[in-house]
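Letters are used for the chains, namely A, B, C, D and E, taken in the order the chains are written, and counting of residues starts over at 1 for each.
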Amino acid sequence: MVSVESFVIASIIKTAIALFVLLTAVAYTVWLERKVVGHIQNRWGPTRVGPFGLLQPLADGLKFFFKEDITPPHVYKLLYIAAPVIAVTFALTSISVIPIGNWITVAGVRTPLQITDVNIGLLIILGITSMGVYGVALAGWSSNSKYSLLGGLRASAQMISYEVSLGLSLIGVLILSGSFSLREIVDAQSGTFWGFIPRWNIFQGQIFAFFIYLMAAFAETNRIPFDLPEAETELVAGYHTEYSSMKFAMFFMAEYANMITVACLASLLFLGGWHGPLFGPAWLQSILPVLWFVLRVFGFLFVYIWIRGTLPRFRYDQLMAFGWKFLLPLAIANLVITGLIVALKS
Amino acid sequence: MPDNSFARYLPLLIHFLLAGALACAIVLLSWLIGYRRPTRAKLSPYECGMIPVGDARQRFSVKFYLVGMLFILFDVEAVFLYPWAVILRQLKMFGFWEMLVYIGVVLVGFFYIWKKGVLDWSRTSPRKGEV
Amino acid sequence: MAHLSSMPTLEPGQDRTMILNMGPHHPSTHGVLRLILEIDGETIVRIMPDIGYLHTGIEKTCEAKFYQQVVPLTDRIDYLCPLTNNLCYVLAVEKLLGLEIPPKAQWMRVMLNELTRINSHLVWLGTHALDIGAMSVFLYCFREREDILRLFEMVSGQRMMTSYFRIGGLALEPPLGFFEPVRQFANRFPAKVDEYENLLTGNPIWGMRTKGVARITAEDAVALGASGPTLRGSGVDFDLRRDMPYSGYENFSFKVPVSQDGDVFARYICRVREMRESIAIVQQALDGMPEGRIKADAPKVVLPDREKMKTEMEALIYHFKIITEGFAVPEGEVYQAVESPRGEMGYYVVSDGTAKPYRVHMRAACLANLQLLPAMCEGRLLADVVAAIGSIDIVLGEIDR
Amino acid sequence: MLHLVLFLIFGAVCVAGAVNLLVQRHPINSALSLIVVMGSLAVEYLLLGAEFVAAVQVIIYAGAIMVLFVFVIMLLNAGEEELTSGSRVALLLGIPGILVSSVLVAWVLLAHSGTEAVPAGALPGPPKIIGWLLFHDFLLPFEVTSVLILIAIMGAVVLASPPESVQQSKKEG
Amino acid sequence: MPLVPAITELDQLKGHPALAKMLAWNSEAVEGAKFDRDELTIYIERSSIREVCSLLRDDRDCPFNFLVDVTCVDWYPKQPRFEIVYHLLSITRKERVRLKVRLGDSPEVDSVTSVWPAANYFEREVYDLFGVRFNGHPYLRRLLMPEDWEGYPLRKDYPVEGYR
C-alpha cells in the first residue's frame, strides 16, 4: 500500500513523461511525414536543420512561438482561444489509457507500461475522441469567418459521421476478446494459429473491421483522402483559417497526436499489440514488446503518410455517403456475422 | 493507495489536467513571446483579399444538423452494443437473437432514412431556370 | 441561356444563402481569379467570375510598339505557353506582310509549340490534381516541366518568356546538339505520362471527383464559345492544327482526342491524350527536320545575321533601319488563330500602313472558356467548382491581358 | 478522504456549470456549461464506481447530444439573448418558490422514498454486470429502446425536411 | 506568297455562301464586303447585326455556329469612328468570316448575346475598353477595369497617362 501523495506524485511523473514522449512523437511524425512524402515526390524533405533535418521540428516549433499572435477583433474571443486548447487537451489525453507494452519490473517494482490500466479503456478513448469534435466545431464557429464556419461544420459533421462506423467496427474485437480493457484485448491476441499465423484480430476474421476502422480513423483525423475540413483548395484552410502563430500549430499538434492515438489503437485492437518474437537476455525481453508495438505504430503512421502522397480527396457528399451508406452497413454486417460465429462457437 | 476503483482513474484525471495545463501554457507562451503589430488588414476576416460581403453569422442548411441527430441515434445504438459484445460469449445464441431483433428494428429506420434521401448529400435543387 | 439572366448581385441573398468569395487570393483559383459564390449550405446557387486583377493593358501597349517589339509582350499574355502566343502573333504579321517562311523555321516552330503544349498541360495536370487533393502528381509534372524549360532555355536563353519566334522566322539558330536532349526527352516522356495516369485515371476517388461533374453539352460548349480540350471534351471534334492547319501542321500526322462525356474527366482525358499526341508530333518533327535557313528572305523585315551585318554595308543599313524605325506593314487586317493548349488563341492585327500596329487584339481562349463556369457549377457542390476551374485550365494572364 | 474531496469538488463544478448555464446570455456559452455539467457528472459516476455509466455519459451526453446542441446553435446562428428587465412578480415569487419547492422535494425524497446513500462501488458498475442486467433481466425494455430509436429516426427526418412550400419555392426559384 | 490586292466588289464575292445568303435575305443589310489575305469581311448595317448573326448561325449549308470573338477598332478621328468586329467560324465547313459594324460618335449596337451567349464577355470587354453600348446585353458592366474607372482606355483619344 502506497500513500496517496506518492501515488499522485508517481502519476504526475508518469504523465509528464508520457506527454513529453507523445509531443516528441508528434513532432517527429511531422518530420517523418515531410521526409516520406518528400521522397515519394522526388524531393528530399527537410535537410537543412540538423542531420537529415532531424532538428526541423524543433525549429518549426520555435518559429511558431515567435510568430505574430493575432487575435482578430471579429472573433468570439473566449472560444477562439479555448478551441485549440480543447483540441490539444483531448488529443493528448487519450494516450493515458493506452498500454505500450507488457508489465516490466523496474527496481523491484512491477509496473505496467501504461499510465493507468482501467477496465473500460476502450470506452474512455471513445469518449475522449467524441469530445475532440468541440475543438474543431468551436474553432470554426468562433472565428466568425465563412471559410472557418464551413470548414468547422464539415469537420464536425464528418467526425461524428465516422465516429459511428468507428465505434461499430470495434464491436467485433470486443466480441472476440470479451473485455473493454485494452490490456486484455491484447492478451486475447497472443499465440498463433497452426504455429505460424499470429492470432491477431485481423487474422481472426476482423479484416473488414480493420478496414472500416482504417477508413473511419482517416476520416476522424481529417487526413487525405478525407481532409475536406481543411481542403485548402476549397475552403482556404478550413476551420483554422483565422488562426495564427502557436494557436494555428496547436490544431496540427492535435491532428498528429490523434493520428498517433489512432495508430496505437489499431495496433492494440487489430494487430496484436506488442506481441512478437521474444529472445535474448531478460532486459531485452522486457524491451522487445515495446519495440514491436512502436514498430506497428510507425507502420500504421507510414500507411497514413503513404496514402497522403498518393490519393486525391473525396468530395463532401461522397465522403458522407461513403461513411453512412458503405461503412455503416458494412460495420453492422461485420458485427452481426462475428456475433453469429462467436455465439455458435460458445 | 488504490482503496477503491476510482484510484485507477485518478491518473487519467491528472493526465487530463496536465494536458490542459500544457495546452494553456502553450497559448499563453505564444501570447507572451509572439509580437503583435496589428494592422487593419491583418485583423479583418480572411476573404481572399476582398472586403467581406455579409458575415459568417448566417443561418445554414438543415442538412448538417440532421447528421447530428442521426449521429446521436446510432451512437446510442452502438453504446447498447458494447456491453452486449463483451458478454456475448456468456449469452450464447440467445444473446445473438436478441441483438438481431434490436439491430433489425434500427436497420428499418436506417433504410427509411436512406430511402428518404437523407443520406444523399449531392441531391440539390435543380439548376436555376433549367426546364 | 438561362444562366446569363441570373447574374448575381453582391448583396447577401435570402435567408439561407451566403455570399462567399473565392479568390483573388485563394489557393485554387490559379492566379487571381475571383469567384463570387452564392451558396446554400454547400450547394452553389449562383456563381459569378470577376476578372481583371491582372489587366495590364497589353493591347494598348502594342499600339505604341514596332511590330517586332510586340513579340516579347505576347509572352506575357499566357505565361504557360509563351511560344504559342509568339507563334500566333508572328503568323498574323507574316500574313499581313505576305512573308514566306522557310521550312526549317516552320518545323522548329511546330516542335517547340508542341513542347509548349506539353509544358502547359503539365502545369495544368499538376495543379488540377493538387486542387482535387492529389499532391504527388503536381511534383511529378513539374519534374518533367523542368526538363522542357531547360530545353527552352537552351534554345532561347529564357525559361519562360522565350520570345523565340520572330516575324520572318526564328530569333536564332537552335544551338548545336539541341535536338539530342529533345529526342531524349521525347523518348522518356510517354512513360512519365503513364506514371501520371497510374496515379489518376484508374483511381476510384479521382473518378468520383471528376466523372459526371461539371458536365457541359456540345451545344452549350459551342454556344458559349468554348474551344480546345474544353470543347473536345464535350464531343466536338475540332482542332485548328488539323482542320485549319498553319505553320506546316499539315505535314504531321496526329490524332485529335475527343471525348463525348463533357465532364471534368472527359477534359482531363483529352488533355492527357493530347500530351501523348504532342510528343508524337515532336518525334516526327525531329525525324523530319529539314535543313536550311531559319529566316525568311526579306531583308527589310528580318534582321540580318550578325555575320552579314558586320561584313555587308546593305545588311548593316537594314539592321539599323529595322531597329530604329521598324518596318512598315501594308495596310489591312488579319485574324490568325492557332490551337493553343487552352483552345483557340487568335490575334487580330490591324495595320494602317505604318511601322506600328494600329490595333492588336488577342482572342483569349480562356476568356471564352471561363464563361462556361457558371453553366458547369450552378446547382452543384462547392468542391465541384474547384474541379471545374481546374478542368477548363484557365490562365489569368491571358484572360485579363 | 481524497475520494470525498474529489466528489465534492466535482459536485461543485457540476452545480457551478448548471448555474452558469442559466446565467450566460450567449447560447453557446450555455451549451458549453452544459458540457461541463455532463463531464463532471461522469466523474461523479466514476467516483461512485459506475464505470460504464460514466463512459456512456461522456460518449452520449457530452459527445453526441451536446454536439447536436452546438450544431444547432452554430447553424441557426442564435445570437446573444436580449436581457429583459424581467417581471418583478417572477423575481418576488420565483426565488422563494424555487427555494421552497426544492426543500420540499428534498424532504420528500429523503424522508419518504426509502432511498439510502449507497457506499461507493456497491452498485453494479462494471460493464459486464450492466450487460448481464440489460440483456437478461431487462430484456424487454432494452428491445423497446430500439423501437424508440426507430421513432426518433423518423421524427428527425420529418422535423428536418423542409415544409412542402419551401421545397416548392426552391424548385421554382 | 506575295500579297494580292483586296477584292471589294460585291459581285465578285457572291460565290461565298455566307455573303450569298445574306444578300438573298436582305441586300440592304450588307453595306459592303472585302476579301483580303484570304479573309472575307462583310460590312453589316448596324440595325441588322443581330438578325444577320442568327441567320448565319442557323444556316443549314454553312452554319457559322461559333462566335470566335467580338472586338472593336477605334478609327478616331475618322468617321464613322468605331468598327465592331465579329469573327465567326464554321466548325463543320472549317471556314471563317468577319462581320463589321461601323458606329459613329454615339456608339450603340444590338447585343448578340441572345444569339451566342459567348458574346457576353466579349461585349463587356468592348464596352469596358471602348465604351460601346450593347443594347439587350444582360449584364453590361465593366469587365477588366475597376467599376469606378473613368474613360475607355483603348480609345485612341484616351490619354495614355490617365486623366489628370
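The criterion applied here is as follows: a contact is a pair of C-beta atoms (placed from the backbone, for glycine too) under 8 Å apart; a residue touches a chain by one contact, two chains touch by 3 or more.
Everything quoted here is computed from the prediction, not taken from an experiment.
Chemist: Would you mind checking the shortest number of contact hops between subunit A and subunit E?
Modeler: Graph distance in the chain contact network comes out at 2.
Chemist: How many steps does it take, at the fewest, to get from subunit A to subunit C if each step moves to a chain that touches the one before?
Modeler: Each step joins two touching chains, and the minimum needed here is 1.
Chemist: Would you mind naming the chains that touch subunit A and likewise touch subunit D?
Modeler: Per touch definition, common to subunit A and subunit D: B.
Chemist: Specify the chain most distant from subunit B by Cα centroid.
Modeler: Centre of mass proxy via C-alpha means gives E as farthest from subunit B.
Chemist: What's the farthest chain from subunit C if centres are computed as the mean of the Cα atoms?
Modeler: D
Chemist: Report which interface contains more C-beta contacts, comparing C-E against B-D.
Modeler: More C-beta contacts join the chains of B-D.
Chemist: Please tell me the distance, in whole Å, between the geometric centres of subunit B and subunit E computed from their C-alpha atoms.
Modeler: 59
Chemist: Could you state the distance in Å from the CA-based centre of subunit D to that of subunit E?
Modeler: Here the centre of subunit E sits 72 Å away from the centre of subunit D.
Chemist: Using mean CA coordinates as chain centres, what's the gap between subunit C and subunit D in Å?
Modeler: Chain centres of subunit C and subunit D, defined by C-alpha means, are spaced 62 Å apart.
Chemist: Report the inter-chain centroid distance for subunit A and subunit B in whole angstrom, where each centroid is the mean of the CA atoms.
Modeler: Centres of subunit A and subunit B (C-alpha means) sit 16 Å apart.
Chemist: Indicate the residues of subunit D shared as contacts by at least two other chains.
Modeler: 2, 51-52, 56, 59, 63-64, 67, 71, 74-75, 127
Chemist: Give the residues of subunit C touching no fewer than two other chains, as numbers and ranges.
Modeler: Those would be 5, 18, 26, 42, 381.
Chemist: Of all the residues in subunit E, which ones touch at least 2 other chains?
Modeler: none
Chemist: Inside the complex, what are the residues of subunit A that reach subunit C?
Modeler: 37, 40-43, 146-147, 150, 154, 224-225, 227-228, 231-236, 308-318
Chemist: Show me the residue ranges of subunit E that touch subunit C in the complex, using the header's touch definition.
Modeler: Residues of subunit E touching subunit C: 1-3, 6, 36-37, 39, 41, 65-69, 71, 73-74, 85, 87, 89, 91, 94, 96, 98, 113, 116-122, 125, 129, 138-139, 142-146, 153-154, 160.
Chemist: Per the contact definition, I'd like the list of subunit A residues that touch subunit D in the complex.
Modeler: Against subunit D, the touching part of subunit A is residues 4, 76, 78-79, 118-120, 123-124, 126-128, 130-131, 133-134, 137-138, 140-141, 149, 152-153, 156, 160, 180.
Chemist: In the complex formed with subunit A, which residues of subunit C make contact?
Modeler: For subunit C paired with subunit A, touching residues are 18, 20, 26-28, 42, 129-136, 138-140, 143, 199-200, 203, 205-206, 208-209, 381-386.
Chemist: Any idea which subunit D residues touch subunit A in the complex?
Modeler: These residues of subunit D touch subunit A: 1-2, 28-29, 32, 35, 42, 51-52, 55-56, 58-59, 62-64, 67, 70-71, 73-75, 126-127.
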